[in-house]
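What follows is subunit A paired twice: with subunit B in the first complex and subunit C in the second.
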Partner chain A sequence: MNVIESLLNYREEIFQAIGLTASAGLGAIAIATVVGIAAGMVLTYGHSLAAWPIRAYVDIVRGIPGLVVVFMSYYLLGFALQGIGITLDAWAAGLIALSIVGIADVAEITRGAFQSLPRGQIEAGKAIGLRFRSILTSILLPQAAIQMIPPWTNSATELIKGTTLLSLIGVTELLLTANQLVARGGNALYFFIAIGILFFIINTLIQLVARVAEKKLDYRTA
Partner chain B sequence: MSNPILEIKDIEKSFGANKLFDGVSLNVSAGEVVSIIGPSGSGKTTLLRCVNLLESYDAGAIFLDGNEIGYSTVKGKRRAQSEAVVASQRSLTGMVFQSFNLFPHKTALQNVMLGLQKVQKLDKEQASEVGKKWLARVGLSEKFDSFPAQLSGGQQQRVAIARAIAMNPKIMLFDEVTSALDPELVNEVLQVIKQLAQEGATMILVTHEMRFANEVSDKVVFMEDGKIQAIGSPHEIFVERKHPRLEGFLANFVV
Partner chain C sequence: MSYYFDFNVILRNVENLLSGLGLGLLLAVCSLSIGVIIGLFAAFGAVSKKRWLRYLMTAYTTVLRNTPLLILIYISYFGLPLIGVTFEREVAFVVTLSLYSGAYMLDVFRAGIEAVPPGLIEAGQALGLRRSQIRLTIQLPLMIRNVLPSLSNYLISLFKDTSLASAIAIPELTYQANKITTETFRVFEAWITVGLMYLATCYILAFVLRRIERKLTIAR
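And then the complex of A and B:
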């Protein structure tokens, strides 16, 4: 049995696995990006009462291994939700865990980017009579965004790779699927090379999108 | 004499035990050009920043066109105005910074247009028209679409001047605007300021360009140690040098 044939035999399982990996990974990236940027802005410019809990969140999450967060989400959060009659399936628990990790990363990336902008930018915005909200959206965010893209790409690809952790709570994503197919008599070499290539493709696509965005946003090379 | 456009009344400000302003008062009439000179650390820049509400002060009041700005006193209690009010009051003064502070992600024209669109709510075409007019006035009609990084320091500072004056402020504030420029670029910026002064713009210049201050000012203010030590015509300040400390300070400059 050649490679193609053995993969085709299990195409249903593999497509389902791609779907679970991509949806958990890309979903977490989307949530982490939106919530993380907001959290990072509060961290940088927010009232200390709002910034303090976020600071604590970021520091705690960044100090915990991703796998532990996945288990905590699946078992602790799952248990707590069961108490109020909600069943948390493994995929959802995984998405939540990856989002929790991603949000902390993106918040920190956002803070770093905003803090690196010269103070004079805010003052120049104030001097022409802009409200802080406009200064943030029209002046600071476009400049911060361009600096955020490279570290954001790192975090995003880490989240995609992090989806393999979800195999340990029973999500039949790419890694667990490969394991199962190998256990059912498939060729280990074929399947693991195949999922390696699939991860590589997903992450290359992310990097491609990031590069296009970077080019589009970059005023420095205009 | 006409009512002053800007009235600074007994401003006081301290950093801890360090008194930065000890009762500073200054009036500026419409069309008047006032230069503030003095050694570094004397409070010149901070005073200008107080007028633009970028800096707080502990006591005293600043009136722009008869209205108090930055603070209000209700039942004897002095209160800072809300962010929204402060923002709208700031749009009445135009500030130009030593370090230009252009928005690097926007073209020269977009730099000028931003305030017109967001604060004055002009539509894009109107804002572009006003922006182009002012950029042309500062001699940059060829540079509408250039980004700050593509402009020389002198050109950047002229964009910054256009950005401030396009908002049609009641008073222009220039904070050592030529201090960060290469010597050969200073003149093009001073010429723009001079032209605005001759056209009747009201302005305060914090400057180390004594020759220029002498040339364009109606009134020169000498500050030292957080106090206005002397106010007078350029002749009184630069030639008669009536204040004892003026002699020592001006000895460092060729006027």
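And then the complex of A and C:
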């Protein structure tokens, strides 16, 4: 069975697989970005009572392999939710796991970017009578954002790559679908290389968009 | 929720869990030592004057860093036997993780080499050192000190990647947790224990690497 022929035969499964991969990957990136930036700001400027649990969360998540987080979410969260009558499907468990990992990464990235800004920036804002919220949104955030884009892109790439881990809890995303096609007699080498190339293209596109955004956001060249 | 904890399962499997952790560490040490060597050579290739070599190294790191590790593992374990290249599963994993970590190390080392002030290289040339001598005695030691912090971060994150070996049935820690899960359904005990074992190992690794960093840093 040649690859093109079987790709055409199984196009429905493949489209569904692309959908599951993309929704899990992009969903996790979106959640990680929004929640992670908020968490990172609390880490940097928040009250220590609020910052401490986030610090603990980040340090714990970053010491556990992503695959283990995926299994934990699937088994532990799934089991706990079953106790109260909710069935957690594998895709949702995977999305939650990837988000948990992503939030921890983005929170660290955000903290790093904000902490590297000179203190004088806040003082200058205070001196011209701005409230902290305005200092944050109009002085600190634009500067931190540019610094955050390159490491954020790495995190986003890791999350897109991480969607393949969901195949191990039975989500029929790209890799599991490829596995199934291989089991039906497909050529393992071709199929795995083919989806490898697909991931390479997706990640390269994300990096291109990020590079454009970085140029656009840069107040020094704009 | 009527779940009662029974950590006896863990006690009965403690040997498996520890040998799983040991196997994971062994896989990490093998792949990372090869990965660091690949990364070093590749990094000097990436800053070389020959344009084709630079392009080749950029292609290597971009392709490997943008492809999921699990797919690379499947390519080498399930795919390559179709063209007559067959590995043991452990060897397939180590080869894959070495090449994968080499791609990350390349970027780390390249940044380190580029951070060595050009004046020092010119000083070496002025002294009449050969290019290999400049590399070995000026660029290499200074670069290692530059890259140590980011190198230790990558070493820890690549140790975490050994959990993917469970996908091709290598009996490391994650595999053992899955085994306990399917044999006894003791999900909480299994995954909490294994999570804590990974966490502890990562922190011990981080502590040791910080120590080494401090030893190698020159007091200013």
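Simple rule for what comes next: the second predicted complex is superposed on the first by the 218 of 222 C-alpha atoms of A that agree within 3 Å, B and C clash if a C-alpha of one lies under 4 Å from a C-alpha of the other, contacts with A are read in each partner's own complex, and residues count from 1 in each chain.
Going forward, a contact is a pair of C-beta atoms (placed from the backbone, for glycine too) under 8 Å apart; a residue touches a chain by one contact, two chains touch by 3 or more.
Quick caveat: nothing in here was measured; it's all calculated off a predicted structure.
In this overlay on subunit A, subunit B fits alongside subunit C without clashing. Touch criterion met: A:175 reaches subunit C, while subunit B stays clear of it. In the superposed pair of complexes, A:89 makes contact with neither subunit B nor subunit C.
When subunit A is checked against subunit B and against subunit C, the one touching more of its residues turns out to be C. Once the two complexes are laid on top of each other via chain A, the angle at subunit A between subunit B and subunit C, using C-alpha centres, comes to 100°, given in steps of 10.
By the touch criterion defined above, A:200 lies against subunit C but remains apart from subunit B after alignment on the C-alpha atoms of chain A. Applying the stated contact rule after C-alpha superposition, one finds that A:80 touches subunit C and leaves subunit B untouched.
Of the two partner chains, subunit C is the only one touched by A:188; subunit B is not.
After superposing the two complexes on chain A, the closest approach between C-alpha atoms of subunit B and subunit C comes to 23 Å. Comparing which residues of subunit A touch subunit B with which touch subunit C, the overlap is empty.
Interface residues of subunit A facing subunit B in the complex, by the touch rule stated above, are 118, 120-121, 123-132, 134, 138-139, 142-143, 146, 219-220, 222. Only residues 52-54, 83-84, 87-88, 90-95, 97, 99, 101-106, 114-115, 118-119, 147, 149, 160, 163-164, 167 of subunit B touch subunit A when the two sit together in their complex. Contact residues on subunit A toward subunit C in their complex (touch as defined above): 60, 62-68, 71-72, 75-76, 79-80, 83-84, 157, 161-165, 167-168, 175, 179, 182, 187-190, 192-193, 195-196, 199-200, 203-204, 207.
If you check the complex, the residues on subunit C that touch subunit A are 1-3, 62-63, 65-72, 74-75, 78-80, 82-83, 160-164, 166-167, 174, 177-178, 181, 187-188, 191-192, 194-195, 198-199, 202-203.
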